[in-house]
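Per-chain numbering from 1; labels A, B, C, D, E and F assigned in written order.
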Amino acid sequence: MDKSMLGDLDSLPEEDKIRMSAMIDQLQIRDSLRMYNSLVERCFTDCVETFRRKTLDKQEETCVRRCAEKFLKHSMRVGMRFAELNQGAATPD
Amino acid sequence: MAAKNGPTNLEKEQIFGMAEKEMEYRVELFNKLTQTCFEKCIEKRYKESELNMGENSCIDRCVSKYWQVTNLVGQLLGSNRPPM
Amino acid sequence: MDKSMLGDLDSLPEEDKIRMSAMIDQLQIRDSLRMYNSLVERCFTDCVETFRRKTLDKQEETCVRRCAEKFLKHSMRVGMRFAELNQGAATPD
Amino acid sequence: MAAKNGPTNLEKEQIFGMAEKEMEYRVELFNKLTQTCFEKCIEKRYKESELNMGENSCIDRCVSKYWQVTNLVGQLLGSNRPPM
Amino acid sequence: MDKSMLGDLDSLPEEDKIRMSAMIDQLQIRDSLRMYNSLVERCFTDCVETFRRKTLDKQEETCVRRCAEKFLKHSMRVGMRFAELNQGAATPD
Amino acid sequence: MAAKNGPTNLEKEQIFGMAEKEMEYRVELFNKLTQTCFEKCIEKRYKESELNMGENSCIDRCVSKYWQVTNLVGQLLGSNRPPM
């Protein structure tokens, strides 16, 4: 998600551009909170299997850390590839 | 228009918007937690409509561990504010 | 979801507090409608397996009733635990 | 500000907001119904692009049963208004 | 989703009816964009299994086409049945 | 009220609303793409926190194929504008 779309809105007065920019900021905040929720859900689901205690054991904690780091790296890589495709910069196979 | 009378309309919109996103986040967290712990703890044959003892203690521990994972991921993301 | 957040908004005039309160009410309505939709989807998916007739048979109906009751009890229990953790009232293992 | 001229702005916001939530609910119901019945009825190997007779009658019954589950759960929740 | 709900809003002035109608149009646009996203996700998940190349092979492409056509036909049939039930026009078993 | 001064308030609402839906769509597309390719490409035992070479090339191909499926479905739906 970027602000390139603002280019289409030149007919709007300054005040509306500010409003549009604020709307985009808010969507980005919502987006990152959702990402955070999804990340927690995924790593919990994949890493926590037993409920004999109410605290995470070492193994579960390690698993969650790796899962979260891997998800973030994955997400950044997807973002880069996605941006390339959006710019029509597809490379040969 | 009068700057001395508290926040402008645009600032108000942003305060309202932030509060709304924050609440949406909490609701979504609660919903995911509820769904995930149902998946992990509840017997799906539905032989009775009560929660049995095993399910009850599983739910308590599941919520507790989910909370810990939320905090752990929050730390990793470097967020300073408490995620809940 | 509660209204404790309104405490942060003391700088706003009365009219805005009413508006904020209305917004919270609406989010709660949306929340309960979503919960209802999820409950239907889950109990349908878990209880209805065959499509030889267009009406629920007794066994399916019983299953849906139990599933829905169980889900509601589950959801209430999660809500209580969640509220305790939000208030920092975690008890020892 | 003038009470005799129909609803105030805040009341209007609430009417609009309620109508919006109601419609969102129906859309979500329809989407979940569509996804769930696709899962239950459709052959996933996609050997052809037409729905066959078995799939068609499965869809009809699936929608009908989903509708009944929606009403049944609505009764259990004690809601008086029809859920759809 | 239809506009029958507008009947409840006769007390609102013309300007508000237009606004309500615009809101419904926007929800329909959002709805169809979400449907599009779900359709892509489903057909991708069901049809694309291997990642040895970066382009779809013939078999995957055929699978995606059939999947998408089937989903659309399915969705239309569900919509018809759903509308019948909403109008109380349930037929005997 | 003055027609010569650019869009009316209602028209502005629609422009903002459309832009918002469009951005929501892109965000949702990106999120589904991310989730789906994680599911398809990532080793779930989490033995390390780095992506290995196999995962990295799987991700690149997965994104590329997902993009193609998006375009293919867009053509089938008869949409003239690019879906992304």
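FYI, contacts are C-beta pairs under 8 Å (C-beta built on N, C-alpha and C of every residue); 3 or more make two chains touch, one makes a residue touch a chain.
As the structure is a prediction and not an experimental result, all values here were calculated from the model.
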Chain E reached from chain D - shortest hop count over touching chains: 1
Longest centre-to-centre distance from chain E, chain (CA-based): B
Where chain C and chain D are represented by their mean Cα positions, the distance between them in whole Å: 17
Rounded Å distance, chain B centre to chain D centre (Cα mean): 25
Distance from the mean Cα position of chain F to that of chain C, given in whole angstrom: 29
Numbers and ranges of chain B residues touching at least 2 other chains: 24, 41, 60, 64
Chain C residues counted as touching two or more neighbouring chains: 19, 34, 47, 53-55, 65, 69
Complex contacts: residues of chain B adjacent to chain C: 6-7, 12, 15-16, 19-20, 22-24, 26-27, 30-31, 33-35, 37-38, 41-42, 44, 46-51, 55-56, 59-60, 63-64, 67, 84
Of chain E, residues touching chain D in the complex: 1, 5, 8-9, 11-13, 16, 19-20, 23-24, 27, 31, 34-35, 38, 42, 46-47, 63, 65-67, 69-71, 73-75, 77-79, 81-82, 85-86, 90
Chain D to chain C touching residues, read off their complex: 10, 13-14, 17-18, 21, 24-25, 28-29, 32, 36, 39-41, 57-58, 60-62, 64-66, 68-70, 72-74, 76-77, 83
Chain D-touching residues of chain C, taken from the complex the two chains share: 15, 18-19, 22, 26, 29-30, 33-34, 36-37, 39-41, 43-45, 47-48, 51-56, 60-61, 64-65, 68-69, 72
